[in-house]
């Protein structure tokens, strides 16, 4: 049992603090023989990197990943391939700006883990949030790139933002091609433009806002996941809830299912044009009884607004003084934007793990 | 890694099919010296039992639990106490009525795990849903009673229904005392009466409806849970999502956090009357950075409407014929009602596990 | 992490005390579709059962196993088959004779876990050794029968005794057919006869003696096990050391390898008659670098002499009085005999687990 | 389940190949607040390092460790302390000499994992043994230093060599002070001198020889370890068997217990001078029923002779040619010597894990 390890067969262990020399990941259980080099991983980190638009943190991190173990290449391999040994990834921290945090050393910032870390451990690396910093997610994103290799090209994982603050997208205007063309991973260009205006206002006001991420996965065969405590949707729920600032997770119809009638929520079955089993709807989000149906997985997670804002809030110090706190320096007005590639990575990690778990119990030897 | 085991240090393994001879649980890791007998467990099962109101399934199960191992008593103990060895619980199935299911043997009922089990395993115990049946939750509820012993009397776990179908409670009318006085675990007596009417209609119409469960836990000290992949809220999320028919889980402000502003979502800190740290609000639901704050935990889960309804739906058989399916026999018009004690049990199991995990890393030896 | 669970993918959890109502096992992770009924398990328990010869305990246990979950049968299956759900086994205790133990309630019998249980838990079921009793091994043997199903007929697991007390077998007289024909699982009929005489003397003297078990497995393909902490030999070592009274485990040349020269210990490779890779010797016992070579696995374990003997020994009571203790009643003069089927079961459990682990990382999807 | 992770609560994951850029470890579950810097770890690595005597490999590795995460220091801490977050250690490889291995790229060296890795993974990093190299043990030794911090100064872990080849020490001449004064971790100076001569001969002959390591631990309180599958001795067995070239593990009387009588093997109990429970002997090696007794733990492991020798042996290549193989370059004539600090590290890791496990189930909250 390990607080810093995710997964059972495809296992990710991450390490590293926001202001330590580096952060990293060890991936164990990866099948051998998969082509893997830094070039397979770096693009996903770049998608996540701060400083890529005016709407995200202006901290300049190169986030350059190195593979330190687990691959091998000689003149007979087509390039570096995984060996089945643990893959160690490292990303050095280059732009910490420690002095931005010295004044909040003793303050328990509302909405952050400062208070809870002190209660739990007695000692806390306060620089940039230490281990609780969202920079840990860089390690997840890097590992997610390897998980995608395990899943293969037949499985597509795409996450988008469907809401920033109270403004949701217009689903009738959904265009996958638009997602790469704005700063918000938004599939609705009209709403993306409105979000840009909303966030400029919010930033100027020293405020922040929440967001809703929606992740679609297609190509998962039926049969992944297992009943009771190995459920695919339960694992997706804990994976998404482990993302910083997540406050809710839903699948398919989600929380709205509570208001529905059985005859409306049912996903009827029929034969498709090829005479294969198909469903007429997808309220279940691709999972039934904890097992994938073969339909698209649809998972949503709600990200709360950034707790580090310029607007003053009341809090306590370690010595129990009541003080006001206001965060200056570099922060996101909407951390939900950067959660998009992290949600994709978590989905990839859960699915790679489930793929191996399904092989273990069900493969013909 | 086990699909049928929940928890890490306080570990529950369940077994048993709906129409097998019995179902049961093995609880490992329970501390020694706790008073434990069947009388500590049976009341929780009775709360869950079918046939207790006209609104739930009319299957008559005694659900009588036996403790087969893990406790010991002699003239020097105050009564039976746990020994630290695994505790084995067994509940015999007494009222299966196999013949109710023979006609659906080859049908993939919409919304059930029939199709996914066949895809995954190739063989399926179709009687009453086999292993996917909600009867497995009897084992969880029994284990939850033992988890409460580990937590002790200082921690209170109470779940209620806050919504059936589109009708939500009036939160201003919340009265904990009302919860035990209606068939719905509802804290608002006025809405409870309306729900009774709603369900009578729905049952007559051969339909079903979803529900929303809300679970409150008070008395949890600050410091339980751990960052990154040991988060208390992530574990609560997967625990609740593992309950049959769950489609979404949220904590604190939940999915609504996506629409909020940072200054509204922040839970400010102040000193209470005794000069101790306290929070001015609880949008975070009692967890920050994955660690408990000492505030009440507030978790909600959405339960989809029962998939077994009298209204006909289209589906396929194993031999890929398109057929209509309609379920007769004994079924719940709203499985959310029976999910209430199950949600309490899952919360207890997660917390007992986290209590032991906190002791492991942080106890003064 | 569970003290009462063995294995990772093919997982066994056992429960039950010597003088409780029953003992049992839950097996999780078993592949679906394997034929399984009580008739597949009972013979292995009968091989283990007390009262089958004058040389083992005269406690009369029927040791009748029941399968309570995890299998399914209807008119289309060839018989009961595993469903992939957890398999629950139960064996009721029928002949406990509690009163045999009341006088040792407060005594810490030398060589038993009485003292250590009291130090660890504070409370102890002293009847017949409670959870530490060798009766727990009945559950292992039952589970081992299921593990053998997972392995299939191509893998043969056979354990024998090669030494009782100071008298070892004559390896040049080894005859597998002899093993079933004496009370000692001995492959050398001459030595078996001498052992019978030795044990009659030892029993009369109120003494006991140790033994050495040797387990051979053939048919394991190359490639099971994994480097570093997933080594097949390390898992075999802990499996065998977990058997009551085990004090040492060795593989291949074992402890004697310490005295050998490299050129003598090396297992050279050559081509066999079919042009396939083969080894010229097997000092490594079938494992290299923690991975199976395809050769026979050869594992030995040393079982210490029974600690419950009639000869008086000095010990303490719970209230720290110095007393003499002497065990009357039913006991084995050589528990090593009954360890033989247990060793086979442990080997089967380790190998079934490793088979699934190899499939997980290496199977072509 | 992870092949490269050891332990349950105090968890070590190692990574890195012999000829990769670096090797390392991630330690999760370490309690917070323990003083820790590189200076606490480096001495143990130096004890292990090649090139420290003419009897071990002449590869010149600095083996300098860096701590990359998991500790924190500011003006208020006494120095760097653990935070409870994962501790990442890295050791760069500086002296690989790749060209020493190119001729054996396609050869399956007898006694090495070359053949089994190819069978398992299909791809193998052949340089210096890749992941199977004994260099991985540097990571274990570094982690063992941290485990010792968790155990505290009251627990002493000391391993020695008691046999090289056929020559065993004279136990009546045992002097702990001698261990640091010869190249063999030998407590008997007379035998150490003879071993030096023996090894000079063996090296000149291009041969190698096995050895026996014996590890003593004092200060472990009674009550660590748990019955059935959490046994302290079973965990020590798998820990020691996971060390490269280990072929047997024994505890206390070990394999010799098979030949003993019950009245001789029994460890009687009495009161010591302070009126506390004590034992009159220690045939059990400090563990009864899988739980520590409070006596010294005594564990022995047999290390087979190095498989890389100059004497020619027959083997096969990947293309199934029969060839002779002879290893030139830098090798140990007796790898048992370097296993001594590794055995200490493994004991420390097992015990730190068991300390936390005991706290989890038994601590008074």
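Chains here go by letter, A, B, C and D, matching the order in which they are written, and residues are numbered from 1 within each.
The criterion applied here is as follows: a residue touches a chain if its C-beta (ideal position, glycine included) is under 8 Å from a C-beta of that chain, and two chains touch if they have at least 3 such contacts.
All values derive from a computational prediction rather than experimental measurement.
**Student:** For the interfaces B-D and C-D, which has the higher count of C-beta pairs in contact?
**Tutor:** Between the two chain pairs, C-D has more contacting C-beta pairs.
**Student:** Among the listed pairs A-B, A-C or A-D, choose the one whose interface is a repeat of B-C, with over half of the contact pairs the same by residue number.
**Tutor:** A-D
**Student:** What whole-number Å value describes the gap between the mean CA coordinates of chain A and chain D?
**Tutor:** That gives a centre separation of 39 Å.
**Student:** Using mean CA coordinates as chain centres, what's the chain B-chain D distance in Å?
**Tutor:** Roughly 46 Å, centre to centre.
**Student:** Can you check how far apart chain C and chain D are, centre to centre, with Cα atoms defining each centre and the answer in Å?
**Tutor:** The answer is 27 Å.
**Student:** Tell me, which residues of chain A touch at least two other chains?
**Tutor:** Residue numbers touching two or more other chains: 1-5, 8-9, 14, 29, 32, 84-85, 120-121, 131, 226-227, 357, 362.
**Student:** Using the touch definition from the top, list the residues of chain A that touch chain D in their complex.
**Tutor:** By the definition above, chain A touches chain D via 1-5, 8-9, 11, 13-17, 20-24, 26, 28-29, 32-33, 66, 68-70, 72, 74, 77, 81-88, 105, 120-125, 130-131.
**Student:** Any idea which chain C residues touch chain D in the complex?
**Tutor:** Within the complex, chain C touches chain D at residues 1-6, 8-9, 14, 108, 110-113, 115-117, 119-121, 131-132, 136, 163, 165-166, 202, 207-212, 221-231, 233-242, 244, 246-271, 275, 277, 280, 283-285, 288-294, 300, 302-307, 309, 311, 313-316, 320, 322, 336, 357-358, 362.
**Student:** Quick check: in the complex, which residue numbers of chain B touch chain D?
**Tutor:** By the definition above, chain B touches chain D via 1, 9, 29-32, 84-85, 152, 226-227, 355-357, 359-363, 365.
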